[in-house]
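In the two complexes that follow, subunit A is the common piece, with subunit B as its partner first and subunit C second.
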Partner chain A sequence: MAHLARTLPRRALPTQLTPYLRRAQALSTITIQPTPQRTRPTPTPTPNQPKTPLAQLRTYHSTLHPRLPDHEYTNSQTAILTAALDHVPAHGFTSTALTLGARDAGFLDVSVQLLPRGEFDLILFWLASRRGLLRGKVEEGGLFRRIAAEKGKDVYELGVEERVRGLLLERLRMNDEVRHVWQDALAQMSLLSNIPLSLTELHALASDILTLSGDASVDAAWYTRRLAVSAIYASSEVVMTRDPTPDLSETAAFVERRFEDRQAIADKFTGLGQCASFGWNTAVGLGRSWGLKI
Partner chain B sequence: MSSRSAWRALHYSAKRRAFQPPTPYRCFSCTTRAQSKPEDERMTHFGFTNVPESEKETRVGAVFSSVAASYDRMNDLMSLGIHRLWKDHFVRSLNPGSCLPALTADQRGWNILDIAGGTGDIAFRMLDHATNINHDMETRVTISDINADMLAEGRKRSLDTPYYNTNRLSFVEANAEHMPHIPDASVDLYTVVFGIRNFTDKQAALNEAFRVLKPGGVFACMEFSKVDNPVLDGIYKRWNFSAIPLIGQVVAGDRDSYQYLVESIERFPSQEEFRGMIQKAGFMIPGQGFENLTGGIAAIHKGIKPIVKA
Partner chain C sequence: MRNCALKLCRQPMRAPSSVFLDFLAPSTVKYSQCRHASTTAGTAGEPKPRYVLSKEQREFMDSALRVNQAGELAATLIYTAQTPQIVRSYPHLRPLMKHMYDQEAGHLKTFNGLVAKHQVRPTAMYPAWEVAATFLGWSTAALGREAAMACTEAVETEIGSHYNDQVREILSWEADAERRGEELDEELKDMLATFRRIRDEELEHLDHAVANDSKEAKPYDPLVDVIRFGCRTAIKISEKI
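Let's turn to the complex of A and B:
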């Protein structure tokens, strides 16, 4: 059965869905596949309309559309930023790193004018490119197999929750090399003018993590889960900057506790909901027994 | 006042030239017709009036010759001092001078070309920024202006700066549309602040900027632009057309020059149009391409010359 499931694109295979899909495959050979003809033309920016990084053209995930690029920097900007990232561990997310990157990419010192936001562009590029790397790791298939092997499970036995936790930790580990300068980056991101773009990027990461983990919620849980993942990620980042352990075990433990908290809060809310509905039903029953027309 | 009479003389001679006899003078034995102006000459705007392209340069020259002495005082009065903030912001955002040690001779100091910077407003600010903020003693500025009177004003002011008579500051009288004395790919930063509005052929100047800049070099321009807020725009227009010519008349004794100034501001293309012109010259546009100052009264435009990979 597992080999049948493996023939499907993995992204269309959230864990809860696999039993149903397997059953469907056993009944008929029709496979659910995205039809390429139905792709809507994606709106392309006109040359008059300059591109801004992270400008969202489409604000939803769809397996029927090609994926949006992780960032919208031009080739020259990407060249400077990529070269500048090599200098980040030594110089931090500073204009010095940018200038050195521009020199490495064959540009002049003055060419950092290509990046109107300066250091913040470097931080945004770091975030967006790491997000792309995370997606790449999942799509080539190795990441979930490794997470499953660590837990001694088969990759298809991994629940959504475990996948989310694994991806979140993996994303945090990517920040390991810039851990000592990350507080500066967080400070930059929390400047008033930078907050909107920082939050957009945080949402994009949370959304990516959940989509890659196979979360298929379409109700209010869509919002609460993204909120929860964003909150856990943002707080873990702060903890990570003060984590003295070389393998980030303190951060991992922190993430573990936050997920437990999340579960506890979710249980509380479910309990409250049950209690309220029980109370309501009792009240209605009581009223009816008194002869009220409810 | 001699400059003022020169301006008047120009003004009247232009009027006289427009007069045409009812029957054309046809005489094969003299060259009167050959001397008269060709009728199909290309026209350009000079404020709200149209003038032949060949004439705009002299007219603009006359305007700026007449305002050179009172330039700074008038700028302060007209912009209520805000022009200083704009210029400081412009220079700070460009961050001239390299704070890192140079690895090659090419990286030693920036070569800045300040076009239409006759009085040295921008040049001195850039040299100060490079020296005091980035501790770069190598960055040099060439001030280029078409107008000898403005350059003389700048030379006079440079006496009070530490850059007088050093190789970090030089003055050139040149037309920005054609600068054969500046070799190709030799300039790091090309700036033109409140100047490009007065050029006869703006696209030619942009093409020339593209030629002289090194690959990766930056074209930066600050110019009056279009206000996007209609309320502010109303106030701004009223100030422009009522107050500024009056201030010019009272303080500088020259109403017509300042009437030209506000008319030329009105005729300058919008932020988007000018960005299109910069792109047309071959520059890359970073991000949105322009930054509005004080609601769009002025705007900073930037373009970067792309690197051609061999």
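Let's turn to the complex of A and C:
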């Protein structure tokens, strides 16, 4: 299959492809984070095995070092996928969209076979690229200022919780243009073989949202917060597909309620923990006062 | 005709390939530029290029920070659990226990900061280690002062050698960087200094433990062996998850 990539139409490359590459470049913060890999991929893919996107789970991050390349789609795959995203609102996450995208990018129709997972690759690319755009928006700095302005606050007064909520809503709004086809995508993602990658991507999104919001939990809360954000995001996506309001106000209300629920559950657990530790300390103190060597 | 078409198609791929790779692996390109520049530039006064961490090195730092955080968490909890019982029978040990606890709490704070800063995932066994460490501290203190000190000795021996391994690894990177005419970035240098300081403090605790009759603990060998084995297992687990 790889020789197909090499045997592209001649004129297609410099002229038609460059806009897509430029756009792909704009999405350079894309992260697809599927299964970790034992060995580094060889630069020359084996002829019969199309290169599948693989990237590592999040590792040591430092501002002094550039981010590792987040996804391992090849150039041609990225070009096809980027072009295909334009056709998603009209054709859904289907092979038609992929074919049209390949044509737009100047490839032969058959080159959609460069993408071994087909439509699911398109869905993953959509998710990953939206995540990259979200990160881009935050790093530009305008997003939190806007969220703060909507609440009538200064950007420094925004708490982590409010930032998380704002980012999650913003990410949901990015799905607005595809919401009529999103149920199909959700169905694809819930297929048994696709579940691991979908969950990895969901975790990556939750992790990104929390990190960008400035969450600095370093204990078990790291896990519970990511779980909570993932759960809220996933359920809101389902609600969004049935939301008739044009500005997603029902979804926004749903998200608000879920965050309130989360807070209620968290309070309950904190209360239980405090109660248990109080009882335990009392028991130990009582024992010690009786002269027990504990 | 097919051959002809293929010939036409193959030619242009050479030229644009660099354009393609440029955006796909911006960091790779940067690395190679760094390395190339470093071989020629060697003049004094100019800041040396920064040593770029490979994926394996990042993974090493990832698990190192995770293990260290878990280790310091366990250490603080062990001392917290030991202190009341020890101090009750041996009030003169109060300042020593407080001193050791304060140092461990400082280490934990350092590593919590590093874990957050470098976006390292904390260990999934966090609650389990909390319970295990508290139990370890409480049970050894219940066995008496000598057993508690033997526990400290076993734990600090393991932790000290673990920090030593990490320091050695980072030093090997430094040597590698030296060979290339590069230097480690500030964060890594700071971290190296921190690891060394913390290692020395842990070994100081070891000395305190030996000075306080840790060798007198009654079933000394089994006790220390079990605790050391437990520590090594915990380190292995925390490195992964």
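Convention: the second predicted complex is superposed on the first by the 226 of 294 C-alpha atoms of A that agree within 3 Å, B and C clash if a C-alpha of one lies under 4 Å from a C-alpha of the other, contacts with A are read in each partner's own complex, and residues count from 1 in each chain.
To be clear about the criterion, contacts are C-beta pairs under 8 Å (C-beta built on N, C-alpha and C of every residue); 3 or more make two chains touch, one makes a residue touch a chain.
Keep in mind the model is a prediction, meaning the values are calculated, not measured.
In the superposed model, A:L108 lies in contact with subunit B only, and not with subunit C. When the two structures are aligned on the shared chain, A:G271 is found in touch with neither subunit B nor subunit C. Of the two partner chains, subunit C is the only one that A:W222 touches; subunit B does not reach it. More subunit A residues lie in contact with C than with the other chain of the pair subunit B and subunit C. Of the two partner chains placed around the shared chain by superposition, neither subunit B nor subunit C is touched by A:P196.
By the touch criterion stated above, A:G136 is placed in contact with neither subunit B nor subunit C.
In the superposed model, A:T99 lies in contact with subunit B only, and not with subunit C.
Of the two partner chains, subunit B is the only one touched by A:P116; subunit C is not.
Across the two superposed structures, the residue set of subunit A contacted by subunit B and also by subunit C is 74.
If you check the complex, the residues on subunit B that touch subunit A are 94-96, 98-100, 103, 107, 110, 188-189, 214, 216-218, 220, 272, 275-276, 279, 284-289, 291, 302, 304, 306-307. For subunit A in complex with subunit C, the residues that touch the partner chain are 6-10, 13-14, 17, 21, 24-25, 28, 40, 56, 58-62, 64-69, 74-75, 78, 211, 216-220, 222-223, 288, 293-294. Contacts from subunit A toward subunit B in the complex involve residues 47-48, 50, 52-53, 74, 76-77, 95-96, 99-100, 102-103, 106-111, 113-117.
Within the complex formed with subunit A, the subunit C residues making contact are 6, 8-13, 16, 19-21, 23-28, 30, 50, 52-53, 55, 58-59, 61-62, 65, 69, 84-85, 88-89, 112, 115-116, 118-122, 124, 126-127, 138, 142, 185-187.
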